[in-house]
Amino acid sequence: QDVNLMDGVEPRPEGNSIVEAGAFQTEAPWTIAMSHFGVNANTWTVQTAHEAKGIADGDARIENFIMLDANFDQAKQVADIEDLIAQDPDVLIVMPVTPTSADAGIQMAIDAGIPVVVHTGRTENQNFTVDIQGGAENFGRVMGDFLVEQLGGEGKIWVLRGLPSHPEDINRYNGLMQALEGTNIDITQEDYGNWVYDLGKSLCETFYLNDPQVDAIWSSGADMTRACVDVLTEFGADIPPITGEGNNGFFGQWLELGYPSIVAEYSPSQAAAGVRAAVALLEGEALHKHYIYEPEGWNAEKAAEYYRDDLSANVWWPTELPEETLQELYGN
Amino acid sequence: MASFLKSASRIPPAYFVFAALLATLWLTKPQLMNLNVMGIFIRQVAPLGILVLGQMLVMRVRSIDLSGAGVLLLINYLIASGLLGDMPLTLIIILSLAIGCAVGLFNGYLVAMRRVSAVIATLAVTVIITGFVQFLASGKPPGNMPELMNDIYKMKLGPIPLPVIVWTVLTMTMAVFLSRFVYGRFVMAVGENPTASHFSGVPVERTVLVAHVLAGFFAGVAAIVQSASVAVGSLRLGLEMPIDAVAATILGGVVFGRGDGGVWGPFFGVMCFALLFVVMTSFGVPEPGKQIARGLIILLAAVFYGLNTRKS
Amino acid sequence: MLPAVSMKGVTKAFGSTLAVDDVSFEISPGRVHALMGENGAGKSTLMKMLAGVHRPDSGEIRIAGQVVTFADPRQALAAGISTVFQELSLLPNLTIAENMFLGKEIVGQFGIPVRAAMTARTSDALAELGMTIDPNTLVSELSIAERQFVEIAHGIKADAQVFILDEPTAALNAADVEVLNAQIRKLKAAGKAIIYISHRMDEIFAMCDDVTVMKDGRHVSTQPLNTLTPDALIALMVGRDLEDLFPCRATNLGHVVLSCRDLVLPAGTEPLSFDLHAGEILGIAGLEGQGQSEIVRSFIGQVPGTHGALSVNNTPVKLPLARQVGVRSMQRQRVGFVPEDRKEEGLLLGAPISENIGISLQSARPGFKPLIRLRETVIRIMKEMRVKAESPNMPVGALSGGNQQKVLLGRYLASDMDILIIEEPTRGVDIGAKAEIYRLLRDLAEQGKAIIVLSRETVELIGLCDNILVVHDRKIVAKMLGCEATEHAILNAALKT
Amino acid sequence: MSTSKTHNLPGTKPNRWLGKNSRQGNWWAALLLIVTTVLILLATTDDFATPQNANNLLAQAMPLIIVAIGQMIVIVLAGMDLSVGSVMSLTTAILALDGSPLVLIPLVFLAAVLIGIVNGVAIVRLNVHPIIATLSMQFIVLGIAQILRPVAGGSVPDLVVSLVTGSVFGVPAPVFWAIFVVALGWKILHGSRFGLYLFAIGGGVASGQDDTAHNFGLKDGRSIIIAYVFSALFAALAGTFIAGRIASGDPGVGSQFALDSITAVAIGGTQLSGGVGGLHGSILGAVLMALLANGMNLAGLSAFLQGAIKGVILLLVVAMQSRKKMGL
């Protein structure tokens, strides 16, 4: 009877509570407001915006879907949420920039009687109505476990991290640490590649030239993975086990070259799930307060099922975008 | 001897930092000290280096160009989004350079003819282009770069990667152009005193305009090299690149309206940025330490230079 | 009586240039002491040490018997030394009043400057110098002569015992000089010591009590002025007798090379016309601000809103020219314009002498052409102009004021123009060099070139020019032959009495 | 020979407020755009003219106004401070440390004074270009902020939070902040000898007469150092305001502010070459930028379009700002 927000999203088993049915039931038409942490950081963030908008546009009861882009600026997110509340929405969806950038806004909305859905990023203020959290530790651990298994618990690895000071990066890294605990795996080189291709590439070049000895590579995101594989290919080196994410370009490379890898799932459809949770609240359905999203890793077979060579490198899997939209946005 | 010492003291800070970083690597990571390895490291900063050629030029005529970020992003997006269809590479390159020049012309018109603040004008251009690209990207996110570009990027002449050669050749061309051609004197004169230049018959407005067009051109070249180095298009390049370009230029001894460092000062300014990255990464300096070390190194070099060139 | 200032064995070198070499100098209260010498003799440098701008390498300075060392001009000011520097040094973005009170503002409650009081007192100070200008005008809006006056007002209104005036009259005409003279007499009567530097002989003899002559950084002689004749003084300075200051005039003029027809200036009413012939030196005289430089500047597009027709070597030029291209298009017609404000409009101070001389020749070519070799030209010009400098690579900013002027003129000499328009050809130039410049201009005219000269020194116009136009209120009110003109006649015409 | 002559300039009656030559710069372009934007918003949206939104707008504009005032103090003397953003970040990081606000707040301002002095001394005594000095400092201070607080979080003392979000007699706290910083800015820039010296020093640099102010007997070096201290102090003030608003420490919070504050100052008509500008211009510039963000949010403009529109408006201001001098 539970509302299905998205495949792989489940109520948190412990420390959870229930949002009473009907607590926020509202007559349509609705105004749904959303503060996005940054639409234009990379193609993954763009896709989240499309996923959210896709669901909202497909629901005739949502008259007004206002999405603001904080552009990774904490101060702007504070302002954005104020401006959203000023427009008196029926529900507020927040993708926080940092653990604290949305706290005051959440409180302000709750005080004004507006329910708040938080996803894709944690907040310190726990007074929101519902949250959906991708398990960053899980993400990092899925990757870490794979490497531990591949190496038989011993060896040298490189670590390509995301954005410095970014909570997602720190939590994924913590997941890796949990996986490495008790093994004899050494991190020989580690640095931040900001989850983007070009920095990831410079980093791998520097790592390789410094010390080409490496048994496996933990990469915190797919664009960096592809960059690193490109570097190793250019140097003519063997590709050791390396971790990746659900990106179409990376799938293509992986399936072609066939190196050992695993995909940690982190779907942009979490943004769709956020809208779904908002709609459920307005419909008056009962929800849990906390949802988690901790899927298992993907192997090459599963990647092959998803891979589409007729779409560009920048589709992120899994997605809920309809075929039509996929073709329009990513058709080659 | 005295004059030798005096001219030695005017060596731009970039050379000191470069020497110090090189020595550090030599002592601690001798395995990195070969042409093949260094070539790769230097290749990483080739786009910045090419951008600096333009930045240095506009700074010499007392202007500044922050629009490089926009040009890079736009060209990178156009190539990767497939909006250009199956255009041949030469056409893509010509189009990119044309875009760079057009943006430069627009900047130059605003700065030289309309006399608006160069910082604001070029910043606004970047903001507009970035917004425009992001708008386009909402309908058509960028995809793959043509593989041919990637292959060209990886080419080498002997141990030296092609982008490094392009950068060096452009730098040499600029060095000759500025020191042996009339336009170079115009640049010097305008930087020294625009009013007096005007009365001396220097076409001040045109000089500044051309400087901006050239800066746009170099941004176009930088954009091509930068695009060739990646496999996917980007949506966000940020203003770090133009700001780094300003910093490298000043580190190279060129400041607004004055240029002790010639063309090679800023060249080595960029090399410093390359080595700084290598040194930090190979020592595994943690992020805060990296920031602090980067700041301290630049500051100390500038202080050393500043003390030497201080008026008596 | 204790001297107000005494400098003993003072030496100052810039690199390998010994600017001041073991000079001793003394001045008593209530005296006006002239400091004379050729360009680059070290006068300004000596005074800058007294004013706290430079610190001497050796030697000592005493003020009222006390040995002093100044770390900066502030301390010199506090010790009672007020200076009017040779190179204009007002801040263009401040108003006259703000410049006047800079560093010693009148502040009221909470430290807020009291604008009204400063405005009023500035107004008074300016009025004493015969100026009725609004003290809240930004200095950037002033003409060069007005700036000079503000600077003088700033210097002489200071609460000081010693006043240094380093070529205060270089940008002033005779009437203005008289105003200054009255002020100096007042200071003298109040028992102040005044050091006066000028290259104009008549001023020296009219105002000063004593004279010290310097040459090549060294002290030559100090004596009361009444023991000297002008010729004797010149001989001391130059080290030789100067024959005629002015060369002979032209015997016959050629065809018309430049004709100005029906020129109407923005604020003018009547159109004005005149012709310039090959071989002619034409002077334009008039009181301050009557439109002399507006007339010539309209030829190079610097005065928007003018109308009229110009014909240069029979090529018609329609006025107004666009500001951005005026200078260049006239240079293409072989007309050179030498601006008066050499620091702002003339020289590239940080650039070497060679570049400053060569820039016009280079800029006559398109930017994408290679540079032409100018080494020989530069060396020839420096020799012809007798520029006192270590090498052509020296930055012009390090030259003495008069030598800077020579470099500026040299630029136009190098580019071999047919017509030269010169605002103030000898501003700040020593008497010897003046004679050289006059001869040079005359030589050019003999070669068939034509020259228009603007000058505040009426004597200069009379001695140098073949014809003189007198301007009043943007109209030509008189035209006279140089050989017939007198100071009196010109002044009468200029005043339109 | 006594002649009476007058030096009255025909048609150049000084105008210190308007015009290409005024020392205030072209501040009216920003004003014009503010008025236009407000009129458009009044006509097209319902939510703009509410007291709630006025509060929001003030609070949103405040940090930028504060930093811009500090930034302007150094820009007037032909300098620039790229380290203000990092100082803001550091401020929030310090305020989110464990400790009494009575220790933390003075610590914040002590740090700012120190940073300002280092900037100033590097520029004045060690002859380092302002962009390089403050850019280096930006990295160094950011590094320190990251050490103190690697990830956003922690909690800021309640005192600071209520100083920003509270109200007195129904008047929200940001109003008092506004009055305070504007008064302080006015006093420093336009109501003191120090302020005039800033303009004098900057005007000297802009006209290539670097020594002129010094020759007037001004303590130019000391004034410049103090100016950088002020700039850092204003940044700390802005950081405190933001810390109160997000109630936590965050090493990334200031990253946009260096460029944004320079933009605001320049939009306000201040010339980056020094010597020309007015406090009101910088405030108008900062308000315009905040108003644009707020207005575009309320007008429901697509997140995908906001960037381009902001740029176009920037360019509009710029097009209206043609000046006498070319350059920065």
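Chains here go by letter, A, B, C and D, matching the order in which they are written, and residues are numbered from 1 within each.
In this text, contacts are C-beta pairs under 8 Å (C-beta built on N, C-alpha and C of every residue); 3 or more make two chains touch, one makes a residue touch a chain.
Computed from a prediction, not measured in an experiment: that's the story for all the values here.
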Given chain A and chain B, the chains that contact each of them: D
Longest centre-to-centre distance from chain D, chain (CA-based): C
Pair of chains joined by more contacts [C-beta pairs], C-D or B-C: C-D
Centroid spacing, where centroids are CA-atom means, of chain A and chain C in whole angstrom: 73
Rounded Å distance, chain C centre to chain D centre (Cα mean): 42
Chain centre separation (chain B, chain D; CA means) in Å: 28
Shared-contact residues (touching 2 or more other chains) in chain C: 344, 349
Set of chain D residues in contact with two or more other chains: 146, 150, 208, 304, 306-307
Set of chain B residues in contact with two or more other chains: 134, 137-138, 193, 204-205, 287
Touching pairs among all chains present in the structure: A-B, A-D, B-C, B-D, C-D
Parts of chain D lying in touch with chain B, wherever the complex brings them together: 122, 126-129, 131-133, 135-144, 146-147, 150, 208, 259, 262-263, 266-267, 271-273, 302, 304-312, 314-315, 317-319, 321-328
Chain D contact footprint on chain C (complex, rising order): 51, 53, 72-74, 77-78, 85, 89-95, 98, 102-103, 105, 107, 110-113, 130-134, 136-138, 140-143, 145-146, 149, 174-176, 178, 267, 287-289, 344, 349, 491, 495
Residues on chain D engaged by chain C in the complex (per definition of touch): 1-14, 16, 21, 23, 187, 191-193, 196-197, 199-200, 202-204, 206-209, 211-219, 275-276
Complex contacts: residues of chain B adjacent to chain D: 62-64, 110-112, 114-121, 123-132, 134-135, 137-138, 193-194, 204-205, 208, 239, 243, 246-247, 250-251, 255-256, 287-296, 298-299, 302-303, 306-307, 309-310
Partner chain D, residues of chain A touching it in the complex: 36, 39-40, 49, 66-69, 73-76, 78-80, 82-84, 86-88, 98-101, 103-104, 124, 164-167, 170
